[in-house]
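I am attaching a structure below and will ask some questions about it afterwards.
The first chain written gets the first letter, and so on, giving A, B, C, D, E and F; residue counts start at 1 in each chain.
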Amino acid sequence: MSLDLLIYAVGAVASLMSVVAVYLALVERDLVKAVIYSAIQSVFYSLLFYLFMSPDIVLVYLPVAGGVLPALLLVLISKTERFERE
Amino acid sequence: MKRVVSLAVLVTIVLGMSLLLALSGQSFYPSENLRWLAIVYLNTTYNPYLPDFTVRSPESVTAIVWDYRGLDTLYETTVFYLAIIAGLALGRGVKRLNQKPTDESGLSPIVKTVTKITGPMILAVAASIGLHGHLTPGGGFQGGATAAVVPVVFIVVFSSFYLLWKGVSSQRMLTLRSAGLIGIGLTSISLFLAGLLLGLPSYVFQNIAKAGSPLSMPYDVHGALLSGTLWWFNLFEFLAVSSGFTLAFIILMTPEAEEKW
Amino acid sequence: MVGFLAEYMFTVIYLSLFVNLGLSLFGLFYKPHYVKKLIMLGVLGDTLNMFAIFLGYRAWPSPTTPSRPPILLTYPFENASVLVEFTSRAVDPLPQALVLTAVVIGLAVMVFLIFLGDNLFKHYGTLDMREIRRLRG
Amino acid sequence: MRAARAIPVALLAFVTYIVFSGSTSGYDLVTGLLVSVVVGALFANVTIERPSKLLSPKRWYWALRYALRYFIVDETKCHIDVAKRILSPRMPVNPGIVVVPFDVESDYAMTAIANSITNTPGTVVVEVDKKNKVFYVHWIDVASIEPREAKKGISETFEYYSKKVFD
Amino acid sequence: MFVQEFIAAVVPLYLVATALYLYRALKGPTIPDHVLGVDLLSYNLAVLFIVLGIFFKEPILIVTAIPLALWIYALDIYVAKYLERRVMGA
Amino acid sequence: MIEELLVYTGLGLIALGAFAQLVSGIGVNRFRNFYLRLHAATIGSIWGCVYPIAGAGLVALGYKELGPYSTFMAGAAFVTSFLVLILSPAGSHALARAAHKTRQALVEPCVHDALDPSMCVRGGGS
């Protein structure tokens, strides 16, 4: 039985899901939702970093892209405007 | 509906193109061997047989970050410091409110109590990640970023006035942050200064004794591995990063007075 | 068959990263809103970092022994066989160290840009880049 | 007084540090001690109000009983109930927000009850009113909208135990 | 013991759950729905991180699950605060 | 003996977690209302996250092939599961409160709403 295939399958599924999240973050007009989509993308990227055996990067990437950046962007949105105009 | 169609097209393109590439033998597949540089790094990160080259840290990423390429990381820390200073400069002239926190401000009492209990636990976990940075994954930046959960959650759940009321002000955070940066700088030149005093040859960013310079930081204290300067770098980086995040969040999140400038 | 499937899945990962790169570049250039540009800048940086990690990855030495993170677990060792086994399985640590630095610098840039966006809104009353371009002239 | 309040916090931090590190070597003990002293000093006036409660072994005994009963009996019952609702083809739900009064003094006891309610599937605390001492609970299968009856169905055992532990 | 094979059999189930959560996280009509989806997604991935850590026989990989759980809790909290007050610091 | 018991208990908890996650995923997608989805989410976070992480800690205690760091793994797993146990209900509660307070999601179907009767939509399909 070939166990590495399982890992690559997990990675393929995760990267396809990240494509979906990035596309929706691109076309969404409501910026709060766009921020949440980018948080989903960063969660999947952290799974990819994990599968490529770099726990250090996961530890540094998750707080930055999954926590601090959405927080700062939400603060910016709450201070400015929420909807992107056409 | 348009989005679903576009998404289906995108996913199909990815799957189909990669099928074509894999069938035609053009696929990207990682090699089973490493570059020689990587093998050198991996072989010397903890290797008592090569005392002139080793860092004596089993964690090779931290070893590269703070020893082999320590100067890079010093400047990276400085860039992060300067970015927050620049933010401070941009936000200068804005009047910030200052009032006493009440029970009404913030979220519900259940969330407040949970935050009170988990705050010390999160800080302990973050300190563990930071202080074991030379043994397990983690290090100063990772630990500091995990510790930054605590001030963020406190600001959001209580209010930023609560933090000020408890004595966490932006001036103190700036002081702590500068202290962390100065500590990193001092650690990087400590052996150089010691070499000057003792009249022995030594380098800036020296950690373990090299050929021609016998000075070396303590790396093994009664069986506990400290990896020389790495421990100190991690400690100061932990202070600098956690206080830097706190500072940025305090500046951004404190409500402003109504008047615009 | 197994080898083909593994290659196929790896190529899926690789190509979807390229698609992400293209989408984020498109958003960075053609979306008018400042916050949307910031989000896409973040995605762009992450994807480039992911490519760097790709370069450092190595395939499993055999289908049942996984490659491992570049961290030595049994460190006061008697003979060098531990080290030989470690070097035969660990992935490349150098890209990881570089990416660690890159993530932090990307964060610094983003923090500065967010402060800047706050000030832009105070000056112009909008974050739409077309409006700002018009108001400036 | 501040030191007395700091000690339980430091203890919590120390235990967390040691459990997370997973070893009791000298390095971990020393750094854990330093970290817990710093954390205790930072959180002394935030976390604890009356430190003497932590010392009584009776409370710890009741906490253990609470945990065992909660994880083995209550959770299993509620999980199976809600899982049945999800998997059955008609999805029988009868939801609503009901008033559930509580009768404990301290914030910790209130939080323990609220978290126990939220952690059992089928009930979620939506709003809490500290003045009138009531929770507003979203219940997936409203048996009664009468506060007393609702309390019997939702939170009576939790309140019995958490009163022994925290009050 | 058959630990590795057992986990290899369990992981696909977790992946199916990931897809289900992702659907809700992307679709959810209101913002709390989105956040609930992200929340469940990241709890799912935290379990996956730990279980794959046993699968790889690399115990140190487990550290990565903690920031995931912590920061997603923070995401919950500040979206709730944004919805309730619009001002993050008050 | 005791080690095998630990490993089998842990693996059982992990399998239970997989089952609970599947049920929760189905429930999150079948229910038509935010508050009902919260109940399905609780299954996913307690049986689906807390129990399997604690189970992984038990496996790490008994599984000898993990090497010298297995106690580290067990301790970290227990701390993680405890944190999730405390934090996830607080997050759910905060979300539910925000959704109810700002009228993001109506309570539908509904028998009774003691907090704000105007948000109660009677009847309605599930």
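A few remarks follow.
Note that a contact is a pair of C-beta atoms (placed from the backbone, for glycine too) under 8 Å apart; a residue touches a chain by one contact, two chains touch by 3 or more.
Fair warning: this is a prediction, and the values are worked out from it, not measured in the lab.
Any chain bridging chain C and chain D, meaning touching each of them, is among B, F; the list is complete. Chains that touch both chain A and chain D: B. Counting C-beta pairs in contact across D-F and across B-E gives the higher total for D-F.
Centrality by C-alpha centroid: the chain sitting nearest the overall protein C-alpha mean is E.
Distances between chain centres, each the mean of the C-alpha atoms, put D farthest from chain C.
Averaged C-alpha coordinates put the centre of chain C at 19 Å from the centre of chain E. One simple way to say how far apart two chains are is to compare their mean CA positions; for chain D and chain E this gives 22 Å.
A straight line joining the Cα centres of chain B and chain D is 33 Å long.
Along chain A, residues 1, 3, 7, 16, 19-20, 23-24, 54-56, 58-60, 63-64, 67-68, 71-72, 75-77 each make contact with two or more other chains. Chain contacts: chain B has residues 10, 14-15, 61, 107-108, 110-111, 114, 117, 121-122, 125, 129, 136-138, 141-142, 145-146, 149, 152, 225, 248, 252-253 touching two or more partner chains.
Shown for chain E are the residues in touch with two or more other chains, namely 19, 31, 35, 57, 60-61, 63-64, 66-67, 70-74, 77-81, 84, 87-88. Counting only pairs that meet the touch rule, the chains in contact are A-B, A-C, A-E, B-C, B-D, B-E, B-F, C-E, C-F, D-F, E-F.
Residue ranges on chain E touching chain B, taken from their complex, read 60-61, 63-64, 66-67, 70-71, 73-74, 77-78, 80-81, 84, 87-90. Here chain C touches chain B in the complex through residues 4, 6-8, 10-12, 14-16, 19, 54, 56-61, 69-73, 75, 80, 83, 86-87, 90-94, 96-97, 100-101, 104-105, 107-109, 111-112, 114-116, 118-119, 122, going by the rule given at the top. Contacts from chain C toward chain A in the complex involve residues 2, 5-6, 9-10, 12-13, 16-17, 19-20, 23-24, 26-27, 31-33, 35-36, 38-40, 42-43, 46, 49-50, 53-54, 56-57, 59-60, 63-64, 66-71, 91, 96, 99-100, 103-104, 106-107, 110-111, 114, 117-118, 121, 126-128.
Within the complex formed with chain D, the residues of chain B that make contact are 108-110, 112-114, 116-117, 119-121, 123-125, 127-128, 131-132, 166, 222-225.
Chain E contributes residues 1, 3, 6-7, 10, 13-14, 16-17, 19-21, 23-24, 30-33, 35-37, 39-40, 43-44, 46-47, 50-51, 53-54, 57, 59-60, 62-63, 65-66, 69-70, 72-73, 76-77, 79-81, 83-84 to its touches with chain F in the complex.
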